Each structure stands twice: as structure tokens, then as C-alpha cells.
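Shown below is the structure under consideration.
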Amino acid sequence: MSKIKVVVWNEFRHEKRSERARANYPDGIHAKIKEFLDVEEDLEVTLAALDDEYQGLPDSLLENTDVLIWWGHMAHGEVSDELVAKIQDRVYKGKMGFIALHSAHHSKPFKAIVGTNGNLTWGRDQKEIIWNLAPSHPIAAGIPDHFILESEELYAEPFYIPQPDALIFGGWFEDGNIMRSGACFNRGAGKLFYFQPGHEYCRAFHNEYVQRIIRNAVYWVKPETSFPIAEGCIKQTVKITDEFQTQE
Amino acid sequence: MSKIKVVVWNEFRHEKRSERARANYPDGIHAKIKEFLDVEEDLEVTLAALDDEYQGLPDSLLENTDVLIWWGHMAHGEVSDELVAKIQDRVYKGKMGFIALHSAHHSKPFKAIVGTNGNLTWGRDQKEIIWNLAPSHPIAAGIPDHFILESEELYAEPFYIPQPDALIFGGWFEDGNIMRSGACFNRGAGKLFYFQPGHEYCRAFHNEYVQRIIRNAVYWVKPETSFPIAEGCIKQTVKITDEFQTQE
Amino acid sequence: MSKIKVVVWNEFRHEKRSERARANYPDGIHAKIKEFLDVEEDLEVTLAALDDEYQGLPDSLLENTDVLIWWGHMAHGEVSDELVAKIQDRVYKGKMGFIALHSAHHSKPFKAIVGTNGNLTWGRDQKEIIWNLAPSHPIAAGIPDHFILESEELYAEPFYIPQPDALIFGGWFEDGNIMRSGACFNRGAGKLFYFQPGHEYCRAFHNEYVQRIIRNAVYWVKPETSFPIAEGCIKQTVKITDEFQTQE
Amino acid sequence: MSKIKVVVWNEFRHEKRSERARANYPDGIHAKIKEFLDVEEDLEVTLAALDDEYQGLPDSLLENTDVLIWWGHMAHGEVSDELVAKIQDRVYKGKMGFIALHSAHHSKPFKAIVGTNGNLTWGRDQKEIIWNLAPSHPIAAGIPDHFILESEELYAEPFYIPQPDALIFGGWFEDGNIMRSGACFNRGAGKLFYFQPGHEYCRAFHNEYVQRIIRNAVYWVKPETSFPIAEGCIKQTVKITDEFQTQE
């Protein structure tokens, strides 16, 4: 069986400019993510960054991507609208899944694919407890009923996302806030997962459960469809009821 | 109580160019829709068309609109992206509901608000039977278990919408096709309803049940929110757990 | 227009046996609920209790009930299975809505209607902050982005409910727990709302937002359907495609 | 890795009494289902029937079942309530998935697990076209946009199921009816899939796509949860916020 082609796209600016971010992720957040995805033998993981040629996603790569993982923050506005349109189209046609991490709640592709302005409440780094609300969902496989992140940036409700197709995790914060922190969206013939932890000053991507959740999500968002998806509206020229078909 | 302000926006091109469309809707599809909305005393209905100044929706009108009903087809591409962004923002912030009729499945605001490419299958005009799948939903109030449209344009699955938040109606077509023909979407703090009948060569907007459904949908999509919605991300500066609050 | 007939059913045992419960609700929790429902002129509110004749719900009353509100705790097992079956049937056929309050998560009708064992985590009384996750939903009308209950019994995740059709409120608790505290379920042709606050030792039903939520929920769960609902499976004897129907 | 333990439970009465049913399924519907499940090497498939000892499901078997597939019709009432309670409990606790086929819409376990009376419309055997509404869902993997069953019993809307968590397939029938024919339900910590084709006088289980769908569904409903599920309400005795946890 051929491998699942995963691209981990990172804005990759904070790690270059901030000592604190670099202390957590010396080679970039994307490199850390690749490290814990590489334990799965059927994943083929490629790194991409905003400052690479074609913003890291030339057509030759994008058209061979099964799952695109996205981390961005300070440079959301620099991502080209043409690239966003290509990503959105590929997800809607069921050719690629998308995983939006942390501050990608305000990224152009997340907002365009899901249909949201991505607004939420935020605040100081603090203790977060993540609760498992959907123990039967594949993304929750291997995750206990709760786990603790000693320090994570507060991202909280109201979070102006549509009602998710499935709500997998909920976050509790010391200051009195909660968050729909892991949420699945079906869009067109494709799938998207949003996961809230992952501030560059904190160490969420070092947590074994965060790693497991992202690995699980790769398998959940990967394309499943097996018939050619419409490029646009299709004129129906034959009556299906006249079609010939044999059964056994 | 103040009235609900409804704007019926119509591309209003087919009715000017086609004898057949004009025969069904002499003053335009929007005028017919206004006619059956006007029976409700608490609705204040305004007409708008693409060829009006500001494409029919100057800020002064848009910012006073509670519910925007949209019919467009041949000129989707002419609608300005700036206007679409304003509409989408208003819906996401819970200031306005949106009803997309028939060929609006490919309109810019429908695609942007819902998050879809809007693709579907289409074909010849034929008999459609619309089934009521959610009799307890307010949009289905007063609608029997099924009703028949003697002639309607085939719009059918695969329809590349996300799994709707509620699926209200399903359509059966003579040629062997089905359609998720009435679907609710919650987006941000706002609501959208898509309803499939309404081809300009057919007479769906003369059908009493179609009329009732659209009236019901106006009440369902109208804004409900009563707290000021975030303009963007809000820095949380106080611990809520320190706040003072009395009960009773 | 005829009034909406609401029955507030209360187990009404704690208030008789416990000084502390009686201090909060001297005439019973149901009487307090009736008090804040009575402010709406189109509601006709009746009280019922487990120790009344026919467990408070003779057929003559049940068959004239549009909305049944349920509070029970220590005597869940005493409620007769025959009564539960009648309640469930009435909800599924769209003749009555159901609101389950607090410890009704383990009541027979809640479990039967929703399809759940109702299990959850519980603990000591403490501060709860309730967050509004669906500001556009009718049940959230008039409710701010959050409000505080100074003392409420901990009810928390994992809560073994199905993914709700709409999740309206989320609860934050001091001890590190969260709860899906306001959740909508569509079942058959009917609707049910579960709301978590309401411990007999606390004073949630004195809180103005709790009162508003329950009032909103009455209007949301009340029956909408307007066609006769199947008593069982119906043999389809005519081809619908042969039916005669005129459109205007 | 250990195999997934599947039990195919069949009422197994029609095939013994009706020549016509036996012609389609000489060894019973369950034997046919086992035949096409056995092509998967990681499935261990056992047959069970109503007239077996313990109605086919002694505790020793049930407690070792990962996925229970159910076909019943004329003898729904004979299935013991105790057995139904055990099945429901096992699904809610995430220990077993459930697949309800065809006339199991009225079976006791389907009704109890989902929370529905299972009522629907039915009629004569006729051509059905099944449309794929969720091409990105694992249960739709390998299924084209539509396929045809030359003859299947009419099962149609209104079908009094709750809004499914995911609607995968829709059925079109010659007589003018439609059906939500493949639907997913999350219940408690478990999962259930309902699939409509499978009348004993027709040959749906010989169709390659029907077979593929049922195989896909086995993998989708199988338990995923990996933490011990609550046996009832759990008293929370420690403040989670005091717990000690190290992150890397």
C-alpha cells in the first residue's frame, strides 16, 4: 500500500525571532511535528514553510499531498489568496484533509474551509485541562478521560466556529474559561480537524497525548473518497432509471 | 416590538431577458417573494437587485437588514468581493440571517458563509416530490409529510455541502435522483437556510408550501443574539473567577 | 391563540425531608419553576409530583401537555415503566416537548427518550461558570457570554450522552472539570433539552439567567408538527407519482 | 494484533418458513453476511440466532463481542428485555458497536440504543437507487456516487429517527419515496450504523456495494475507547487541579 503523504506547513517566523520559541522548538514547530509523525511507518512527512519558494506549497507538492497540517500566526496576511483557494478546493473535492493547529484558527485556509471568522477570546499562559468528550471517536483513541498541560496560552469561548460535526475535546483553564478545543468539520467531500493547544512559548507538542491526537487526526482527515469528484455542476443527460445494471 | 427587516435580493436578469421567466414572475422573483412575505405583519420587506446602485446593498441598507434572502444565477461573478465579505461578516457576527434560494448554491455569499464550492448535479425540468424529514423543526411548521412540484429543475446529489446542522427536506426526482433540498447551517453566531426549488422557468414560488417554508425560514434565521459579538480576538485581562456577581 | 400547556413534574421528596432543600424551595422546586414561567402570558402551568395520584400524570393530563419539565433524583426507580413509555411515545410522535433538569440525567424518561445511560462524574458543591456556546440559538436569547453560579453541585464529563444536536452551554467548575451543561436533542418528531444546574441544596432556580434559559427552552421544545404522525409503520398503497395535485 | 470479534445475529425464522426467503439465503441471512465478512483477515465472525440457547447471546459470547450485527423482523417481541438491556449497556460503555440491518429499525435493541420508535413508511418491492451523500466518510469508502438495487422493499420517510450524527446514504424509490438509508449514531461511548436494504425476498446482501458498506461499517462501529468507562456516576474526590503531572 502506498504511504499517506503528509505536509507539515509552518509559518516558521517565531522560532527564528524569539529565543523563547526557539528553546521549545529549535528546528521549528514543524520539525517537532514531523518527529512524532515519523513513528508511523505508513506516513511520508514533508516540511514546508512560508518563506520557502511558492510559500512552501508549489503545485507539484500540493497536488501530491493527502494531509496538510498548518501552523501560522503573525503572518496570516502574507499567505496568498491563490494558494488558499487551491487548498480549499482540494479539501472540498476530497483530495486532501486539513489539520489546523492553535493560532491557525485565524489562518486564511481555516477560515475559508470551515466558514468562520475564527474569532475567540485569549489571555495569559496558564494551566489547561483537556477533557475527552467523545471517547468512541478515532481521534480520541488512546487518550484518557483527561490530561493536563501545565502551561498553555488561554484560547477560549466564545469561539465563533459553526457547531462542529463532532466535538472531541473540551479545555478547562484556570482563569475560569472553557474552550471547544478539538473539533471535526466535514466540508464538501473532505475533512478538517482543529486542535487548540500549541503556543510557541509553551511545550504542548512535547506532550505524548497531544502527539497521539495529531497522529490520530492524520488518519481521520485523510481522503476516503473513491469516485471522481465533480469539477463543477454536471449536466445529467441520462435517466438513471433507464440504466442497465446487473446484480450478481 | 420593532419589525424584522427583510431584504429580498434578486439578480433580476433572467426576468428581463427571458419571456418564459417573465411569464412566471412579471415583476421579478423578488417581487413575488415580497408578496408572500408581506402577509406577515411583523416583517418589513425591501427589494434589492444587482443592477441597483451599490449592487442593491449600500451600507445604509445592509446595516439595517435582519434577514437577507438571495436569488442569483447567471451573474454570480459580478457580485463584488467586498460586498460578499460584508455579508459574511454580518452573518458570522450574528447581526443578520441568510436564506439562499435555488441557484444561489453557487452564489459567492452562500459559498463563503457555508464553506463549500456549492457543486451539485443538474438536469431537465421534471416532477419533484419534497419530503419533510424534520417535522419538529420550526421551518417545517405547517408543512405536510410531502408535497409535489409538478415541474422543477433537477438539482441533485452529490451536493458538496458540509453535513448540515439540520436537514429539513429531501427531494425526489422522476429521473432517479434525490437532493438534500432544505438544509440549515449555523455559522459563527448566525444562521443560514438553503432551499432548492425556485427555477425561473418553473413556478415554485407560487406554491403555498414553498411560500410557507420561506416565511418560516425568515423567523428561524433572524438574529437571536443579545450580547455584543467580538470584533476580533479579545485579550482577557481579568480572571473571571475573581469577578463579583450576586445571584437573586 | 390557545395557551401552551406546561406541566412541571417534581419528585418532591427532598424538599419534604431536608431542611436545607426546603430553605431554598419552601413549596418545592416545581413551585419555584412555575413562578418564573407564569410571567409569560401564553403559558398555562400545572404542577405535578411523584406522590400525587397516577404519579402526577394521569392520561387526562398527559394527553393535554405540550411541554413536560422533569426534576427527579432519589426516587427515579419508583417512576412506572408504563408512564415512561407513554411519555417517550408522546415525545417521539411530536405531541410534547421535554425538559430534563439537573439530576434528571438519570431519570427513566430522559434515558429512554435520548438513548443514554446518563452517567456522569459528580462532586462537591462549588462555583460554576456557564458559557454561552451558541449565541444564535433561541435557547440562548437574552443570555450573556457567561454567567456565574456561586455554588452548584459538580456534574461533569465524561457525560455519556450522544453528541447533542446542538450544544448551547458549557460549564466550568473550580475543581478542574467541565460539562456540556445545556444540550438539545431531536428525537423522533419531538425535542428535548437538558440543563445541568439545579441541585436542591443550591439556588440555581433563583438565578435570572437560569430562569430565562428554562423559559426559552419551553418555547423551543414545544411541538411544531402539523401533520398526523404515524402510529406505526404505514403500508403505502398508492404510487405518490400518480397523485393529483394542483399548484396555484 | 488480535482480531475484531463480530457476531452476526439473525432472527432466522423467515428462511425456515418461506421458500422465497430460502431461495435467496439458503443457510440464512447471517450465513451470507458471514461469507462476505470472512474476506477480511482481521475479522473473526460468529453466527447467532434467536432460537439458539440464550437467544444466541450467552454472556460468555456477548462479553467477547466487539461488533454486533442484527437482522430481525417477525419476532422482535420475543427478544428478552434483559438481553436488550445488556446490549444497550455494552454499546453505551463503548465496549461494542452495533449494526442494525433493514427491518431491525423496529428491533428492541435499535430502538433502545438510538432512542426512537423506529416507525417508517413501507410498501411494495421495487427499484431503489442508493446515493452516496458523504463520500469522505469511512463507511462510504469504495462506494460510487450511486448504485442500483433492482428490487428492494420500500422503506421510506417519514422515518422517526433522530437527526443522525452523520447521514451517509439516501435511497430513491420508483413510487416517489425517499429514505435516509444509511445513518450513523453516536450513543454514549459507542457507535451504531443503520442500513436500510436487506428484505428477505430480495437479494441486497448479494450486491457487492451492500457488502462493502457492511464491511466498512464493522470497522467504523468497532470500539475505539481506551480508558475504563464509568459504571455509573463517579464521586470526584480530588481536585484535578491539585494533581501532579509531568510533561516530558
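As written, the chains take the letters A, B, C and D, and residue 1 is the first residue of each chain.
One rule holds in what follows: a residue touches a chain if its C-beta (ideal position, glycine included) is under 8 Å from a C-beta of that chain, and two chains touch if they have at least 3 such contacts.
Source: prediction; values computed, not measured.
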Copies subunit B and subunit C touch via same or different residues, half shared test: same
Inter-centroid spacing, subunit C versus subunit A (mean Cα positions, whole Å): 36
Between subunit C and subunit B, distance of the C-alpha-averaged centres to the nearest whole Å: 31
Inter-chain centre distance, subunit C versus subunit D - centres from mean C-alpha coordinates, in Å: 30
Multi-partner residues of subunit B (each touching 2 or more other chains): 129, 132, 134-135, 145-146, 158, 163, 165-166, 174, 176-177, 186, 188-189, 229, 240-241, 243
Graph class of chain-chain contacts, one of line, ring, star, complete, other: complete
Residue ranges of subunit C touching subunit B (in the complex, touch as defined): 94, 127, 129, 132, 134-138, 140-150, 165-166, 174, 186, 188-191, 203, 206-208, 223-227, 229, 240-241, 243, 245, 247-248
Partner subunit B, residues of subunit A touching it in the complex: 88-89, 92-93, 106, 112-117, 119-124, 154, 156, 158, 160-163, 165, 174-177, 185-189, 229-237, 239-241, 243
Contacting residues of subunit D [partner subunit B, same complex]: 129, 131-135, 145-146, 157-158, 163, 166-167, 170-173, 176-178, 180
